[in-house]
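Below you'll find the structures, each written out as C-alpha cells.
Common to both upcoming complexes is subunit A, partnered first by subunit B, then by subunit C.
Our next item is the complex of A and B:
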C-alpha cells in the first residue's frame, strides 16, 4: 500500500517536473545575447535613469536599444579589467560592428506601441512592463518560439506561473487588462496597425 | 480626455479629373502590392477606387464624371460590423473610424456582401512585391495575408504618427495638420478634403452642409461620413440610383 503511494507520488513529481521544467525548454529555443551586459553596473556608474541610454528621438519615436556609438562614447578603451569588456571592445568597438542584440520586447509587426504616449502622458514606469531589467547583473537568455520567431516575453502563457509577475508584462492580455482597468480601451486599431 | 471626433471626407466630383493619384498614394501608403495578373476589378485590392460614370446620352450631350469610392465609414448601423462573426470590424468611438482587423478575419466575406459600397476587398493571394520594392514598404502599416478582408481605415498609421507627435509635445489632442490621409495629400486638384465632421469650423463640415452635397445611397440610412458634391444634377442622381436600367451599374 505504502509502495503504491510512493510510486504514485514519484510518478506525479516526475510528470510535473517534466511539464514545468523540461517542456518549456523543448518548446522555446534559447539564445544568448551577444555581449554579457550588466544593466546594474551601468546604472551605477554611467547613468542613473533608463532614458539616459534608451532615449526618444525628437519626433517622439523610441530609439530602443542603443547603438554602438553610444557604447563607444565611453568604451573606446577598456575602463575596467573584466574579460567581458575586453571581449566587447575587441569584437565590436574596434571593428565598429553593431552587436546583434536580441530584443525581449520586440512586438509582432502588426502591433503599434508608442513608448512616449505611455511614459509621458500615461506616466507608466518602465518597470511596469519590462520588469526590473535595470537592476539585473547579467542579461537573461533570450527565449524564442521557433515557429513564429516571437520572444517568449510577448507570446505564450507560462507553463508554470511560479515567480512571475502578476502585473505588467508585454503580452496582449497584459496591455488589454491595464487599458480596461483605466477605461482606455476603444478599438483594435488603437494598438494594431 | 479630448472630445470624440467624427472623421470624414468631402469629395468634389466636379474637381476630380480621374487621374488616379489617390489610388496610387493609397497603395503606397498602405502596403498594397501590385495586382497579380489573375486579378480583376473585384479580385484586386484597391482601398480607394475611381469609378467613371456618364450621363448615358449620346455625343455631343455626353458628359463624364469620376467618383472616387473608398470605405464610406458608415456612422449608423455600420453593415460590416453587424455581419462580422469574428468581431474583426469595429467602430472607434474616439474617431468614428470603422476599423478592420485582418488578424481576426476568417475570410468569410460576409462584410463584402453587406457593404453597400463595394469598398471591401479580399486578399485572394499572399502579397508579393517586385524585387526591391519591398524596401519601400511603410513600417507603420502591417501587410495583410492571403484569406483576409481589408479596406480603407483613413490611413491609420498616420493617425498613430500624429498621436505620437502630440504625445512627444505632452498633448493628447493632435494637430489637425498632422493627420491627413495619403489620398487627400496626393490629390492634385484638391478635390478631396479630410477633417473632423463634428467640428463645424472645419472645411469638411462646411462642405457637408452645402446644398450640392450628397452621400452615396443616403436613403439606406447608414450615415456615411464621405460627403460628395457636384453642381451637376445627373451626377447627384446617380448617387441615389445604384444601377441604371440596362447599364452595368457604376462599373468603370
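Our next item is the complex of A and C:
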C-alpha cells in the first residue's frame, strides 16, 4: 500500500519537474543571428536613432529590419577597427549578400499591426514593446517555438521563470493590456482582420 | 518496494496527474493548433513595400488601364485607372482577377521547345513546291502582329493569317440610338468603361432570340426568330415591308416600326455580333458612316516594317497548302474553328501552338509551347472597336513568368532570321518620330503633346503607366463595309432541327479560378459543357433538367448537360462560346440534342 503511494508520488514529482524545469528549456529552438550587431555602438558612437535604420516607407508602411543597402550606406569601407565590422563587410557588404536576420518581432500572418498608427499617432515609444533592444551591446539569440514556428517574443505565456529571459511586450496579452489601460478598443477584429 | 504491475500503473498515473499540473500539455495543445495553421501550401500574404504600378489588361482587345497594388513587387489587387479617357477607371471581373492567371492550376507549364524548333526547321527546308509556312495570329493589330508579318515576308511563301478585323471604329458617344443584332454590348463588347460612360446618352434596341445580359439591360429587346436577322435589317433598310418582316422574324409590326422611326430620326448605329457581318453595312443606309461608324488610322510603324506580308484570311488559303503552321494563342482572341484550318494543312504539316491553355488549338497541335500570360509579358494592345483614335499602350509585366515560357514573337522572329531588336521600342520611336497625338501619364493624369516629349521619356512613361492617343482629327467614313444585301434565312433541316445561339462569347484561354468558382460553378454563366433548351424541346426529346445528353452538329458530337430554361424559345439550343463549341458548331449553326 505504501509502495503504491510512493510510486504515484514519484511519478507525479517526475512529471512536475519535467513540466516546470525541463520543458521550458527544450520548448524553444535557439539560433544565433548572422551578425554580431551592437545597437549600443550605433546609438552611442554613431548617434543613430531607431528610425534612422528602422524607417517608414513613403506609403507609411514600416520597413522593419533594414536591408543591406541601408548598412552599405555607411559601411562600404570599415569605419572602425572591430573584427565584427570587418567580418560584416567581408561576408555581406563586399559580396552584396543580404544577411538573413532572424526577426524577434515578426507577427504571425493572422495579425494586422500598424507601426505608423502606434508610433506616429499613438506616440508609443519603441522601448515600450521592444524593451531595451536599442541599448544592447550584442544581439541575443533568436528563440523559436519549433512547433508553432513563432518567435518566443511574440507568442506564448511565460512557461516557467527558470533561467529564461523575461518575456517581451509584443504578445497578444501585452497588446490587450496596453489598450485596456488606455481605454482603447481591443476587440478581436482590431488585429485579427 | 517491489516493482509490481500495480505500482507501475500508479507511477504512470502519478506522472499523468503531475503533468496536468504543469504548462507542458496545455502549451502543446495550443502549439499543435498553431502548427496546423501553418502547413505548407497555405497561402501567405506578401510582406514588404506597398507600391502602385500601372499596366494594361491584355485579356481582351479593350486593353483597359490597370493600377496594380503590389506588395514587395507582387501584385495583390488590380483596379482601373480613373483618369483614363477610354476605360474611365472601370475593369471587368476578369480584369480584376487577372493577376491570378500565372498560378492557374490548368496552365500549360512545359513544352518540347527544342523538338518543335527542329521539326519546324526540318519542315521548312524539306517542304515541296507551293507548300507554305504560316502564322495564325488570333489577336491582330499588335506590334507582335507586325513581327509575324515581317517574319512571313522574310520566309519564301510565308503567310500571315488572321481573323477578319473590322476596318472601322464605333463612336458610341455620337449615337442616340444603337440597334444591336446580338452584339454583347454590356458583356464583353468594346471597352466596358467606355460603353457604360456613354450608356446614358443612347437608347439600345437589342435584337436577338434569347434574353442575354445585354438584352436584359437594353431599353427594348426584340426576341427575333433565329436566323431571320437579315429580314429585320431589310425591313429597317426599307427593302421589304414591315408586315413581311414581322411574319418572318416573329416580331410585332409595331415594334419594328418604332425601331425604324427611331433610327430615322436620330444619329444611330447598327452593331452585329460578328463585326464582319454584312449587317454592318446597314449603317450606310442609316447615313452613319463618318458619324457613328468612322475610319481609324493605325498607329505609326517604322518604315522598314512596311514591306511586311499582308493579312490573309484562312478561307483564302488553298487546301493542303500549309506545311508549317505556327499559332499564337497566347492572348484570348478570335478563334478560327479547327474544321476551317484542317483542310488547309498538308498531310505532313507541322502545327505548333503557343498557348497557356490546353483547351484551344492545343487539342489539335503536335507541339504545344507554354506561352506567357497576363501580366507576365511586355505586350501592346491594339485599339478596341469603340476606340475612335489610334492608341499605343503597353502591358508592362508586373511579375516574371512563374513557369518557363516561350515568347512567341521572339521565336517566330528567330525562325525567320529577323534581327533581334525590341519591336515595342522601335514602334514607340516611330510614333514619337511622327510627332502627332498626346501622351497621357496615369500617375499624375496629365496629358502632354508629343511635340514636348523626348523619345526616352515617351518610352519610360509607356512602361511606367501611360498611353499614347492619336489626334482624333476629322471623322471620316470607313472603307470596306460592303453593300447591304439580303441573304436567305437560316435553312431548317429535319435532322438538325435546332438553331444554335451562342449565349455568351467566351474569351478562350485561362480565366481566374476564382471566377470559375463564382460564375461557372454557380451557373451564373454557362460552362462549355452545358446547353439550354426550351421546355417544349426538352420534353419532345425526353430530356430532363440536369440530364446528360449529346449535342450533335454537322461537325461532330459533344456530351453535354442540359438545362431547361423557359427563356429559351422553342427551336433553339443555347450554348456557351469557346473553342470546343466553335469547333463543334463552326459556321453551321444547326444542331440537335439527343438523350445520352
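Going forward, the second predicted complex is superposed on the first by the 158 of 193 C-alpha atoms of A that agree within 3 Å, B and C clash if a C-alpha of one lies under 4 Å from a C-alpha of the other, contacts with A are read in each partner's own complex, and residues count from 1 in each chain.
Simple rule for what comes next: contacts are C-beta pairs under 8 Å (C-beta built on N, C-alpha and C of every residue); 3 or more make two chains touch, one makes a residue touch a chain.
What you are looking at is a predicted structure, and each value in this text was computed from that prediction instead of being measured.
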Practice task
Applying the touch criterion given at the start, work out whether A:10 contacts subunit B, subunit C, both or neither, answering first, second, both or neither.
Solution key: second
Practice task
Have a look at where A:112 lands relative to subunit B and subunit C in the superposition and call it first, second, both or neither.
Solution key: first
Exercise for the section: Give one of first, second, both or neither to describe whether A:149 is in contact with subunit B, with subunit C, with both, or with none. Expected result: second
Problem - Comparison of subunit B and subunit C by subunit A residues contacted - result: C
Practice task
Look at A:192 in the shared chain and tell me whether it touches subunit B only, subunit C only, both, or neither; answer first, second, both or neither.
Solution key: first
Practice task
Once the structures are superposed on A, label A:121 by its partner contacts, choosing first (subunit B), second (subunit C), both or neither.
Solution key: first
Practice task
For A:61, select first, second, both or neither according to whether it touches subunit B, subunit C, the two together, or no partner.
Solution key: both
Handout entry: Overlap of the subunit B and subunit C footprints on subunit A, listed as residue numbers
Key = 59, 61, 109-110
Handout entry: Sites on subunit C touched by subunit A in the complex
Key = 1-2, 4, 6-8, 10-19, 21-25, 27-28, 30-32, 34-35, 37-38, 44-45, 49-51
Fill in the blank from the handout: The subunit B residues in contact with subunit A across the complex are 88, 90-94, 97, 99, 101-104, 140-143, 153, 156-157, 160, 163-165, 167-170, 172
Exercise for the section: Over in the complex, which subunit A residues touch subunit C? Could you list them? Expected result: 2-16, 18-20, 23-24, 27, 57, 59, 61, 63, 108-110, 145, 147-150, 155-157, 159-160
Fill in the blank from the handout: Per the touch rule, the subunit A residues reaching subunit B in their complex are 56, 58-61, 109-110, 112, 114, 116-117, 120-121, 186-190, 192-193
